[in-house]
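Data first, discussion second: the structure below is written as structure tokens.
So that you can tell them apart, the chains are marked A, B, C, D and E in the order they are listed, and the count of residues begins at 1 in each.
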Amino acid sequence: ADTIKLGVAGAHSGDLASYGLPTVNAAKVVVEKINAAGGINGKQVELLIQDDQCKPEQATNVATKLVSDGANVVLGHICSGATKAALPIYTEAKLIAMSPSATNPMLTQSGDYPTFFRTIASDDMQARLGVDFAIEKLGAKKIAVLHDKGDYGKGYAEFARKFIEEGGKAEVVMFEGVTPGAPDYSAVVQKIRRFKADTVIYGGYHPEASKIISQMRKKRIKANFVSDDGVKDDTFIKVAGKNAEGVYASGPIDVSNLPMYKEAIAAHVKMFGSEPGAFYPAAYAATVAMLTAIERADSTDYEAVTAKLRSEFVDTPVGKIKFNEKGDAEGVGFSMYQVQNGKYIELK
Amino acid sequence: MDWDFFIELGLGGLTRGSIYALIAIGYTMVYGIIELINFAHGEIYMLGAFTGLIVAGVMGIYGFPAVAILLMAIVIAVLYCAAYGYTMEKVAYKPLRGAARLSPLISAIGMSLFLQNYIILAQTSDFLPFPALIPDFEFMEPIAHIFGSTDLVIVVASASSMAALTLFIKFTKLGKAMRATAQNRKMAMLLGINADKIISTTFIIGSSLAALGGVLISTHSGQLNFMIGFIAGVKAFTAAVLGGIGSIPGAMLGGLFLGLAESYAAGYISSDYEDVFAFSLLVIFLIFRPSGILGKAPVEKV
Amino acid sequence: MSTVLNVNALSKSFGGLRALNDVDLKVDSGEIVALIGPNGAGKTTFFNCITGIYEPTDGDVLFTPLGKTERRVNGMKPNSVTELGMARTFQNIRLFKNMTVLENVMVARHCRTKAGILDALLRPPHVKREEKENIEKSYELLKYVGLNQHYNDLACNLPYGDQRRLEIARAMATEPSLLLLDEPAAGMNPQETASLKQLVLDIRDRFNLAILLIEHDMSMVMSLSERIYVMEYGCLISQGTPEEIRKDPQVIKAYLGEESHA
Amino acid sequence: MQGLKQSIITSLWFMFLTFPIMVVRVNTIENTIEWRWMNLAYVGVGIFILSYVWRWALARKEAKQYETVSTDKPKKQLWISRAMEEPAVARPALAVAFAVSAILPLLVSTYQTNIFISFLLYIILGLGLNIIVGVAGLLFLGHAAFYAIGAYSYALLNHYFGIGFWVALPLGGLFACLGGILLAFPVLRLRGDYLAIVTLGFGEIIRLVLENWSTLTGGPSGISNIDRPGLFGMDLSVADANIYIYYIVLGLAIVTIISVQRLKNSRIGRALQALREDEIACQAMGIDRVTVKLMAFGLGTAWAGLAGVIFAAKTTFINPASFTFMESAIILSIVVLGGMGSNLGVILGSAFLVLMPEYLRAFSEYRMIIFASAMVLMMVFRPQGLIAPKGRKYHIDDPDLVKEGDA
Amino acid sequence: MLKINGINTFYGNIHALHDVSLHIDEGEIVTLIGANGAGKSTTLMSICGGTPPRTGEITFEGKPIHQMKMDQIVHLGISQVPEGRLIFPDLTVMENLELGAFLRNDKDAIKRDMEYAFHLFPILEERQKQTGGTLSGGEQQMLAISRALMARPRLLLLDEPSLGLAPIIIQQIFEIIQKVNASGTTVFLVEQNANQALKIAHRGYVMETGHITMEDNAATLLANEDVKKAYLGL
């Protein structure tokens, strides 16, 4: 082929579009830059953008379409569920799929999906970090574990509960899901008070998190709030305002000083006139990782590209990474952050 | 029994219920007049929130005080949503008068999808923060930990809209014309009532209330995105039916009932199942009262 | 002569309103009986109570289908009552508007046919036969009431008078022993009323059934019925032959008016 | 001249209407405002042109009504439904349609096969719902729940007990059917929109239970690695499995079409229609309302269950996200858009609503907005659906019958 | 006062009125009789714009009204008691009457007219707080007539006012029609009860399957053999 075809699959409409569209933007930004510089080994990169609305059935349609259209690698999918539906198709077609956001541990740990890679850490890693931090650093004794009933949030929360119970040093006083989009969470918040939880561990994304923390603070509940990288997002601080102060969230080790990170953000602002949304850096990283591997292999052959992905480090906005046998990125380290004076500060 | 907890949950349910009610009133009015489940009503609410946000954003940059922003946001959102409601009726529903019952319903579903995607394309699919525009009242401070100023404003706005509209419908000439049109459009026209105008008016009023809800509720929850209308719409629809669809006080009661039920279910059982509980309650309730709280059983003379 | 319908002390209340108050009524086989009375007297309510659409508050409704034993039908579901052999028409025409004329009649033969879901899917020979017979019998009835030309038209496209005829054909399709007609002549002109009268008489003779009739058209009531019951405010105020009723001062005052009628 | 003025006013109105949303974009995080004045111009020009098209189309719709009247011909139908009434056209057309669908997967890519599987699945779903909504006239907004019951029946049976596709298929249909009957009991007394909300609620309850009962259903993470249907123990590649599934679903779709057609023209079918037309008269004709309603729900949901099993086998992974209210709404739209009560209508409706978004993929981000507009426009300009429902015609040989043109 | 000139009206593809022409002069009672489905109700609805004629014209006091909308036509002083009464079932008797006067603003006169209606039908006064749907058939018919009168129409269109009523009430209704006419309202009456209608009318038209087939003085029609046979059942 005279072009390299990069499939981009994920939710581009429907209720989860806000997680999928930044990925499309990331691909556009990277590809524009590469094409402007003459392409990869002389070949231009072409985007095949396909919307799956995070629904499994659409994901299989998208996956077969990408395979039929001759995609060389796929950036996506966005949701773990859709990814799980699509992967058998990629596996058979020997097509690399790299997700910036699908965090379900089974995707890599089950060994079922050899063509799958991701530039984000899986849920259990973060839960480990969050729980250890809460118990050891914050001295939590009574922990309320909340989640947003979603794949990601509930997965994280379930791991958190498991780790707390295994550790035996603290007690899970409450384990519940909140309904995303509900107008308020006062009942759950009142319950936190009632169970006298000293720490809340929340799995999910920032919109619900900011609603919960705001209502907690409004109702004068002072418990610590520990969460995941769905919350480690500047939007969270803006939305929750002063209530965000003191919130802990785990996230990839601070990369905002990396030149490549800054460059990626600037390119987005330049191209789209706005700040990028969630998972943009990870999507940018995935795109760069895949295209670089193709360049290094000087081929789009599955075996060759996979070998490069697994063996050689590549510079991305989320750091210098390479992938292990299972497909998880090495080098995407996590650390704990706290909101201090309206900023996430990395706690060393 | 832990009375504090019980009361706290009750107050939380009150706010939540008032939120549902505010949207449900518009729902029920539109339903009342043309028997259309206007699935796009929730999207009007969402547009109201976005319009409010835009006004707040612009004014915020120029440093207006919060209360001025709030009032202005409400006024402009109401104005625009009235215009949207009016236009929507003209474009998507009016050409369908006289068609089978379900056709406008599908048109409404299409309209709802359209408006969601309109916002995605013209604005964003991300969550945006909505500024807190309602000041913390001094006198609410003692109970602010269980019932804040925003809660108060929402409950009051909802209850007074309900009261005002009920009186309007019951006693004014326009209100009577509305009821007449709702019951028999042809006869209303035979009495010289311009049914098209009445229907437009109903859409305008319903949409205005949705806009008011959009601004107030967004400032309460502090955020919005293009999907808020969908969830609110389903709940408001549920509330409207629970209360007896077509009845304005019914919508209020239905909303409160639903809000309280959800709150207590989340408090005493688990919020995992709060919606399951809400819907189960709806089903059970309707089994015993098939026309909702205030709905009249249709008297069908055989 | 055997009694088909025997109603004892039938009462029905709607909240506070006592729409029927201790009504006794009897219809013998082969008889045409009329039920008259001012608007809102409770005539239609009476029909609704004996056909199971309303449950009577009090009293007995005893029904003896042709060649069967007497049954108490209070509180029975309307479909069971119809199955036993009581059929009715409605004051406000209630046809299946978006079904064809023939289908309207075929539906009414529901309780006289058997095919179930599996039969519908597999269509074994006996079901095909049943279906064919159903079409034939329904068509016969249409021909009988003079609607066969329109058998493939939608019911809602029929003129008003024809709709009333179709209602009668549909009721007849349930193979009743007692036919209840609720204002069959409403909205018909005298000419049409006369031909309807003929049809009713003919039905009685041909199918050998009893007919109970509600009607405000006195020319029809007086010339058709053998006996007349008069109701007012839910109570029977009079009963007798047409001659007796015509002269009853109470009936004249409550219902007929001073001017003498047909 | 009049039109020009109207178009200018309309276009100004829409410029006003879309002004805040289209022109202003505030970023409350960065506190910046972006003014996109060009959009206003686009809206103005676009609406100006569209308003001409709109008026022309509305006028045409009206003119069409007149036209058919003056010629006194039966109401004009879509060419396709007229053609299908002509046996001389219908028979060969059906044969061709069958032949094409039989060899289709051999001609097109896996992707195309895949979306044709979806298309056929939605035909089955639509036909099932059509029994409830179109034939029996019960507004039902929870069809996706029964689709879910079918899908989860297979997924769970397969996951926990290793039960194969062919055993699960009838079981899935059966469970959905029982679920439908279970739902029908409480809603027997409800009418119209009260029924609608309860079915919507029921649908949501099922979805939420699937989502929350993690220990059984895997919750939001769903169930993966569901077996594809087995073919004499052969190991099929994805592409071959897809072709195999295509034939299964094609077969089932044909069975569904025939069954629903037969059902509609049977004693039970007529009873269902009578129920739709007038409940009280229906009872007075000796039809047991309860039994018939239960039948309507059971018959409609059973098909959804069957479709669900195939769906699970096709995607090999399911989670509750596939069974939201929007899914029910789309299935309902298929029925209404196609023309309620008509089987051909369901097929066309599902072609419209399932294939269109797939083929609109080329428009990427505009895909859904085009889809939504099309939905509204379809209803505005063809409110009775693609195939307007009409009563079944019988042929009776009666020498007395005067032959008129259209008696 | 009202002139109908060669109108053709359709329901979808059913041609209901064929070249119907008729006229009504000020102060008259004109009746239209005909079999079921002849098109009488359609004629009334065509006048009011409920089923606008596709061709032909209708003028009211010289003004063409066939292209106006229903509510505009009503504005001109035409009021109808439609087939099936169309009472607003959930509104009280009072509210039903008030809506009859929807286009008027003279509060005192409205009040007087309402009293007049109660005078005509005392039973309505007793039931004034009751909702329309709970009235019996006859009461509903009285309400429908009163409601139409509340508009103070100059032309009153009545569609089968005696349908489904007890004989004693039918007499009353015809008396009232005459009273109303005497007080200056022009009346166009559609009736199955042709005998009674022709007795109180000045002129009459006969309609058959969408065509006007006869037109004459009421007394002449009443004596006409064909009419007698076809519509009077004599």
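As a convention for this text, contacts are C-beta pairs under 8 Å (C-beta built on N, C-alpha and C of every residue); 3 or more make two chains touch, one makes a residue touch a chain.
Note that this is a predicted model, so its numbers are computed, not measured.
Between chain A and chain C, the least number of touching-chain steps is 2.
Between the chains B-D lie more C-beta contact pairs than between any other two chains. With centres taken as mean CA coordinates, the chain nearest to the overall protein centre is D.
Seen from the C-alpha centroid of chain D, the farthest chain centroid is that of E.
Mean C-alpha positions place chain C and chain E at a centre distance of 31 Å. In terms of their C-alpha centroids, the spacing between chain B and chain C amounts to 48 Å. If you average the CA atoms of chain A and of chain D, the two centres end up 35 Å from each other. With centres defined as mean CA coordinates, chain E is found 43 Å away from chain B. Residues of chain B in contact with at least two other chains: 117, 120, 124, 129, 272, 275, 301-302. Annotation for chain A: residues touching 2 or more other chains are 13, 149, 177, 235, 238, 274.
The set of chain E residues touching two or more other chains is empty.
Interface of chain B with chain E (complex): residues 173, 176-177, 179-180, 183-184, 186-195, 296, 299, 301.
Taken in their complex, chain A has these residues touching chain B: 13, 15, 17-18, 21, 149, 176-179, 181-188, 190-191, 194, 206-207, 210-211, 214, 218-220, 235, 238-241, 274, 277-278.
Here chain E touches chain C in the complex through residues 14, 33-37, 135-139, 160, 163-171, 192, 194-195, 229-234, going by the rule given at the top. Touching chain E in their complex are the following residues of chain C: 37-40, 91, 157, 159-162, 183, 186-194, 216, 218-219, 254-259, 261. Of all residues in chain E, those touching chain B in their complex are 48, 50, 69-71, 74-75, 79-80, 82, 86, 88-91, 95, 98-100, 102-103, 133-134, 147, 151.
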